[in-house]
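Labels A, B and C are assigned to the chains in the order they are written; within every chain, residues are numbered from 1.
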Amino acid sequence: MGGNSNIKLIDDNGIRIDGRKVDELRPIKIEAGVLKNADGSAYVEIGKNKVLAAVYGPRECHPRHMQNPAKAIVQVKYNMISFSVDDRKRPGPDRRSVEISKIISEAMEYVVFTENYPRTSIDVFIEVLQANAGTRCAGLTAASVALADAGIPMKDLVPAIAVGKVNDQVVLDLNKEEDNYGQADVPMAMIPRTGEVVLLQMDGHLTYDEFKYAISLGKKACAEVYEIQKDALRRRYVVESEAEQEQPVSVPDQEA
Amino acid sequence: MELKSIMSNENVGASREVVLPGDLLDTGRLKPGSGAYSEDGKVYAAQLGIKSVKSNFVNVIPLGGRYIPSPGDTIIGKVEDIGPSNWLIDINSPYPAPLHVTEVPWKVEFGDTSRFLGVGDTIMAKVLMVDETKRVQVTMKEQGLRKLQGGQVIEISNSKVPRVIGKGGSMIQMIKNYTSCRIFIGQNGRIWLDGDIDNMLVAIRAIKMIEEGAQTLHLTEKVKEYLESVTKKSEVKEDTN
Amino acid sequence: MARSVVSEIKRDHIHKLLSTGKRVDGRAWDEFRPLSIETNYVESAEGSARVHLGNTDVLVGVKMLIGTPFADTPDKGVLSTNAELIPMASPSFEAGPPDENSIELARVVDRGIRESQMIDLEKLCIEPGKEVWMNFIDIYVLDYDGNLFDACTLGAVSALMTTMVPAKAHEKGEDFKMPLRTVPVSCTAVKIENSLLFDPTLDEEKVADARLTVTTDENGDLRAMQKGLKGAFTIDQIENIIETSQRLGKEIRQSLG
């Protein structure tokens, strides 16, 4: 957080530099099943962020020593491609992406019924193609849709969004300028139905009251993102389900 | 919601509703079956699929996901590795399955395994057992189980297998009748077929048509139409095997 | 690319089809899969392209920075090409630093662009010996179904064709279009027994004996070649591949506009 509140990012009518109100999300687009090789995949656009997520698994766990005899492990790898940001980022993991991968893995482990697949790994790859603040939330949102697309049993879908503070006001879904010059950033992920928070970070400076307001804004926004996630999956699968379904109990004798 | 659940309880499997993880399936009367879980007395979907109610259970029939072996499944496997007294079989699931020398129809001396099955060979096998940590064993010791040679193997999503087979095997029989191909469907989503090269291509296209399921209704008729148009003949009624 | 045993049945099937002059997906031996290219896909890059070649899907971006020239070419810009075979793209790709496959891929793409002198590197010199533009071409494979050489060369070339040099942001005058001289196109064929197949799918690559990539310029002249895999070609086969690459290269170049 730059914490520089001299730069005016919200005008006197409460309108932000990209024309949004303080409690308004950027336009969101989600598509499920966008890659062929992966067992499940999703593409998320939120504002100028473009994020892909792919799921492989459950599959044999490598390295072997990480296998858990009682359940699957969820391994998320978050990565920004080199030209997703203004200055070319050196390819490969850095400390920031390792941390983000860890907290997203933990959030996903909470919702996935890992005990169904002992000794396996469910691998989630998040690639940020174009970054404009809020990529970890976009990545988690995409990962959750990709997991459902892969047919992984899970408690629920998880939407994520960032709330922040700009020009002494709490605002929803920071864009790049607001992120650079804002006073606080609170990325969060919440299961709307239960209100359970599975990812939360904060940096900058907030009063306790501001934080409580930020969480309430985030909660509302997560519910919105959740509906868009569901819509993406329904669009991919509903056509199929209308086809006539034939479900024999078992495979009959096929060859004499 | 109350009324609906009572109705679907009587109307076994009548609904075709696509559900997503976290969707509410029932508010208290039914028990969670496969692909469902309960929380605070309510039943929710744990998986993307089709809601189906059977007796007192509400299930989700998955629309995707990897093949999870269960005992008795007939599957098509590929030899991945060889040991002195067993082979490791890739069965298109998260779990590779050992095939022990005592589970094959041949008498195999210790260390002589590669004379019978080599890496890359394809077999038709049956899932013998799956323990609670999902360790799988397969067998070839049953009539009809064997090494597959010639023809080709394609893969489809294992959740589409029942649709390719059709009611009582009707769909696959129709494809066999039109193309004169020999076809075997493994429950793990692998399909082996053999026959005339052009006929095989026709059969594969028909299977892909079913898998993609783009045709919303009357799938059987549409596949039949396709088969009729390309093979320019009507269904050969007798079993062509 | 560990842990991918090719089934004997698949190998036999591809061979059997080829003996009757057919490919698994019904294409002719010299036919490319459907190609679609979306340029300017990523705004934060100076140029970018997303390429779908059949089910192969790659994203290429160009970033430009100011740096010092190499001592032996003080008046020329710098070109650097990197390829990432990320695990998203295939169950056989593993995370980690570039392996021999991604290094070969990056170098073959680089060679086609460099040796055809596609970029007029002299026009990317700001102050000889001191300041030049450095081009970073980064290739990301998103979905892998064979023939990465051609998909990635097409991506890199398309990205360069839409690249704007960000001079203004670096206080070096107005932005200008990347100075280009020609459009190199690569065509890759594999040999399976005695058949040659262009634009191989992953299944075809897996059973192939040998592979040859030929990059031609606008005149049909040869600018880069790379033979790969453990088999061998006859001279006749090589000539056949070159002649076909010249013809296909021309068609593909026209579609790039």
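To be clear about the criterion, contacts are C-beta pairs under 8 Å (C-beta built on N, C-alpha and C of every residue); 3 or more make two chains touch, one makes a residue touch a chain.
What you see is a predicted model; the values in this text were computed from it and never measured.
> Using the touch rule from the top, work out which pair, B-C or A-C, shares more C-beta pairs.
Pair with the higher count of C-beta contacts: A-C.
> So, comparing each chain's Cα centre against the centre of all protein Cα atoms, which one is closest?
A
> Among the chains, which has its CA centre at the largest distance from chain C's?
B
> Roughly how far is chain A from chain C, going centre to centre by Cα mean, in whole Å?
32
> Which whole number of Å gives the spacing of the CA centres of chain B and chain C?
39
> Send over the residues of chain A in touch with two or more other chains.
Residues 59 of chain A each touch two or more of the other chains.
> For chain B, which residues count as touching chain C in their complex?
Checking each residue of chain B against chain C gives 78-80, 90, 118-122, 148-153, 192, 197, 201.
> Which part of chain A faces chain B closely enough to touch in the complex?
Chain A residues touching chain B: 39-40, 57-60, 69-70, 111, 113, 117-120, 148-157, 191, 193, 230, 233-234, 237-248, 250-252, 254-256.
> For chain C, which residues count as touching chain B in their complex?
Touching chain B from chain C are residues 3, 5-13, 16-17, 20, 22, 26.
> Please output the residues of chain A touching chain C within their complex, sorted ascending.
Residues 35-38, 48, 50, 52, 54, 56, 59, 77, 79, 81-88, 91-93, 123, 125, 127, 129-131 of chain A touch chain C in their complex.
> Within their complex, state which residues of chain B touch chain A.
Residues 13, 16-18, 20-22, 35, 37, 44, 46-50, 61-66, 68, 72-74, 94-96, 133-134, 144, 159, 161-163, 165-172, 182-185, 187, 213-220, 239, 241.
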